[in-house]
Amino acid sequence: MEDYNRILDDILHTVNSVDTPGNVASYIPELAKIDPFKFGVSLQFVNGETYNAGDYDERFSIQSISKVFTLSMAIQCIGDKVWDRVDVEPSGDPFNSLVQLEHEEGIPRNPFINSGAIVICDILLSELENPKDDYLQFMHDLQGSDKIQYNEEVFKSEKSMGYRNVAMANFIKSFKNIHNKPEDVLDFYFYTCSLDMSCVELAWCFQLFAQHGKCAPDGTLFLEPNQIKRINALMLTCGFYDESGEFAFRVGLPGKSGVGGGIAAVLPGEFSIAVWSPKLNEKGNSAKGMHALELFTTHTEKSIF
Amino acid sequence: MEDYNRILDDILHTVNSVDTPGNVASYIPELAKIDPFKFGVSLQFVNGETYNAGDYDERFSIQSISKVFTLSMAIQCIGDKVWDRVDVEPSGDPFNSLVQLEHEEGIPRNPFINSGAIVICDILLSELENPKDDYLQFMHDLQGSDKIQYNEEVFKSEKSMGYRNVAMANFIKSFKNIHNKPEDVLDFYFYTCSLDMSCVELAWCFQLFAQHGKCAPDGTLFLEPNQIKRINALMLTCGFYDESGEFAFRVGLPGKSGVGGGIAAVLPGEFSIAVWSPKLNEKGNSAKGMHALELFTTHTEKSIF
Amino acid sequence: MEDYNRILDDILHTVNSVDTPGNVASYIPELAKIDPFKFGVSLQFVNGETYNAGDYDERFSIQSISKVFTLSMAIQCIGDKVWDRVDVEPSGDPFNSLVQLEHEEGIPRNPFINSGAIVICDILLSELENPKDDYLQFMHDLQGSDKIQYNEEVFKSEKSMGYRNVAMANFIKSFKNIHNKPEDVLDFYFYTCSLDMSCVELAWCFQLFAQHGKCAPDGTLFLEPNQIKRINALMLTCGFYDESGEFAFRVGLPGKSGVGGGIAAVLPGEFSIAVWSPKLNEKGNSAKGMHALELFTTHTEKSIF
Amino acid sequence: MEDYNRILDDILHTVNSVDTPGNVASYIPELAKIDPFKFGVSLQFVNGETYNAGDYDERFSIQSISKVFTLSMAIQCIGDKVWDRVDVEPSGDPFNSLVQLEHEEGIPRNPFINSGAIVICDILLSELENPKDDYLQFMHDLQGSDKIQYNEEVFKSEKSMGYRNVAMANFIKSFKNIHNKPEDVLDFYFYTCSLDMSCVELAWCFQLFAQHGKCAPDGTLFLEPNQIKRINALMLTCGFYDESGEFAFRVGLPGKSGVGGGIAAVLPGEFSIAVWSPKLNEKGNSAKGMHALELFTTHTEKSIF
């Protein structure tokens, strides 16, 4: 039997002994000031066994990992109608590209690039009574506690700096694929990105995707297995911007990254895993995080392939 | 326990009862004259259990499914050096696009679009003594017999019509990412595409990808498990041109399609499956084939996600 | 000697006898309700001779023709420094494309596509004390009277509908090539587009470009001959969006069109000419207007080529 | 009255006193070995006055300047039907881009980018009895002598290295916009590019475009004034690849450049001018040549604008 504590410790040791190149996200001050050498990991099997290492308990900004949660909520709300508004193909372009959006007349390539997530937030704004409260409640239900909160400094900074997202939302609106006011959609979008969570909390919430739609705290079915299958497929093909192929190739797990340096991934039916390290590679994904996950799946031979 | 004979019969009945739109590939006469209503399927578990239905025994042109076999050979020859010559990202563009090739200076996005497969054939041309014979031998070894042959009519037709592939090969050569003469590379490339195989034969050869690199006839290790993991990851993210996301989303298996109407796919560690039906959807993938595989994984809940 | 009255009448007759396809701009109600069959023309030689026909005296919305005036003002203000902020190449893409802007990192291709004109307005906002008043004063000086006014209904409609321009301004801002607040830049930009002018007034103001920089009313030198040469060159290569080549090819005069159906053009040293007819061809240029100018330069053999 | 001898001498002095950056074309050995410091100019008025300076009498490879001659021949052969096969818009992309060709389904943007010139050569191949002889005869007629010859070394080198042009021709053929065999079309295309001419000879042949279609040696009408107007318009908007706007902006004359370092231009009705200097700027146009022409039109105020 594998000694997962030791495997995680070895990985921690290996990634910390390498001088990984890369830079902490700097477009807002709250992200820029994080210690670049942080590294944490939490591995949680579906039977409840949990293994942690490093800064696994420290909260960081989940950023784009939120896109998986908002997509899940949107599917809860309107089911397959989500796919009339966003496509399910990899983009092959950087995460904030407007090029494809122009060629494809306002239908984002998938829900995990910014344009797609903004459309998902527009859906939620139309469907939910109190979008921000309902989103936080969804996270609290997944977590089985109300400790997850949004970070107001991050939220405000994002709002004040996000010219490109303002461009994106107005551009999609010009194609009529946003129904609410662009500024309201963005206000909610930035809110969803500004949650602070730890590796332990993220891996716990990602049990939803490891357990075929069952919520970890109480086993409630949040989404149908077939819906989770599709979200997992999307994470695999589109979860890492234009490095999704590389991640599938090297790691081989469905997952989602954020510019805060977090990555959450699952092996359906077996485990969820969350890593965090703030330095990003040139594609915007956590450099040490990708390295750690590659070491993990290569060593344990636990991947979907 | 599942009654797979009955499941396949039900699928056969369902896909044949629907008037699936689409057209048989018509760019060469040999493909255009195939009966569009053919449908076959072969399901083979790693323990040897095999279930077939419809025209499972009739040979058809494997076309681009060959790209998985040539990639496997190239990895046998030069290992990870393959990835210096082709990338591993989805293309997001149709299968014969020159646009990305221009932006990315002659490095094809992945080995499963035409440009990538042409570069793979160039590698084999440099590495193999007798490329065509060696390729056929590789297939015979996988099959455990010498019944698989190339179709000379198809080969000649491809050669006489492939202006766009000539364009592609010369374009890549202008970036120095083809080392042999473009006409020699294409002669070999068209040869590899022009094999005729049945669903049973294809599923049998695809056991290589279901059995982590072991050859079905005698259990020889053809490729390392880690290499197979990567090929499977590539099939999932790139195996269906710009419909790869859709296939992952609906079916959830690594696989590869060809314009002859064939699709071969695997659930690693469990089974391989090959379907064939000549009518193609607008993305160039077998319309009934995709439908059949979606029915199969939805009904059996056997997918990687 | 040419009888220009008769030539213009013949052209009026010819363009009105053809059932030109095309549609009036409809994105704002004020433009959509214009009578599509209006046609006016005014031809003014540098010696003061003037010939008019049709609805030459009726005011219409100048829209993008304003881009020539704002560029002229920006060159007055900061001279060649304008070219650090916008390029001088044809775009080859539709007038409101964001694609090139993304590839070229926020530097618009030329000052006559929307993105370029928005950057020009940003320059004026930084340089002028009272941008709107100063712009109107500039037009009054060119005209030698204060009759030209902006249309408040058009201005308000543009502001309420211009999602794509909001997208554009914020996108450029994300590349730091807009220095003021995007909403302030757009407020001024929409103002500059919303002037109402007649063919007679437009041709009179365009004497500036026919007379090498001299203002028609009093001969004041507004711009250096060398600066006018460059503006004229830009009008020829970029004045008609992605139909600029076609206009140069068929008409052979530097000019600028607007979606209100106006076109103003010059033969440097000889004449200015303004035509107006609201139906636009599929490229967004006045269909009858282009036809009329082609008839004029073909018949009189008066073009720059 | 202007002293043109002195003006040209001053220009010669100025361009030679500047250390112009840039590199001689090196893709074939015959071009790479030319002395980069050569500079020649020939100015010829329509009344026959001629002024020369520097290496005006030395022959060099005209390369893409030939595209103006082949277009003229094609218009002689089939008139306006040429425009069914090539468009008249600036490309906004480098001279050998395949991107636009793909988006626009095999119709080149204009006859002065490589793809367009290849289609023009295909037209001539279909129309002419002995394409190479007829082309040389056309040049001899324009020149009034048979001294212009093709350079066999250059021709052979181009043929052996032109992978990208082979790609282009086959790509266009795949869209059915080439009617002959791609290799035959390219053989002729490379032939047309491989003429050697001096500045004096080029300016003399360009009298055709200065004299509204009349051949300089004997006043024969080779093309209609209206056809010449259109060729001149195309030279202005498309004659310098993606630097056409810059050339119109700085120089303001219709013209055409070649990678051999030559540029020929005209002021319709007044003069033709040819310059030659082998060092190319990063856009592939003669660096000193552009500088010289800008000095000339700025000093003399002789431009079309």
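Read from first to last, the chains carry the letters A, B, C and D; within each, the first residue is number 1.
Keep this in mind: contacts are C-beta pairs under 8 Å (C-beta built on N, C-alpha and C of every residue); 3 or more make two chains touch, one makes a residue touch a chain.
According to UniProt, the chain labels map to these proteins: A, B, C, D = Glutaminase.
Owing to the predicted nature of the structure, the values given are computational and were not obtained by experimental measurement.
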Check: Comparing centres built from CA atoms, which chain ends up most distant from subunit C (Glutaminase)?
Finding: B
Item checked: subunit A (Glutaminase)-subunit D (Glutaminase) separation of Cα centroids, rounded to whole Å -> 55
Checklist line | Chain centre separation (subunit C (Glutaminase), subunit D (Glutaminase); CA means) in Å | finding: 32
Margin query: Can you work out the whole-Å distance between the CA centroids of subunit B (Glutaminase) and subunit D (Glutaminase)?
Written below: 47
Next item on the list: Two or more other chains in contact with one residue: find those residues in subunit C (Glutaminase).
Entry: none
Note to self: By the document's touch definition, which label belongs to this structure's chain graph: line, ring, star, complete, or other?
What the structure shows: ring
Item checked: Complex contacts: residues of subunit A (Glutaminase) adjacent to subunit C (Glutaminase) -> 97-99, 102-103, 163-164, 166-171, 173-174, 182
Next item on the list: Sort out for me which residues of subunit D (Glutaminase) touch subunit C (Glutaminase) in the complex.
Entry: 87-93, 100, 109-110, 225-226, 228-230, 232-234, 236-238, 242-246, 248-250, 252, 254, 268, 298, 301, 303-305
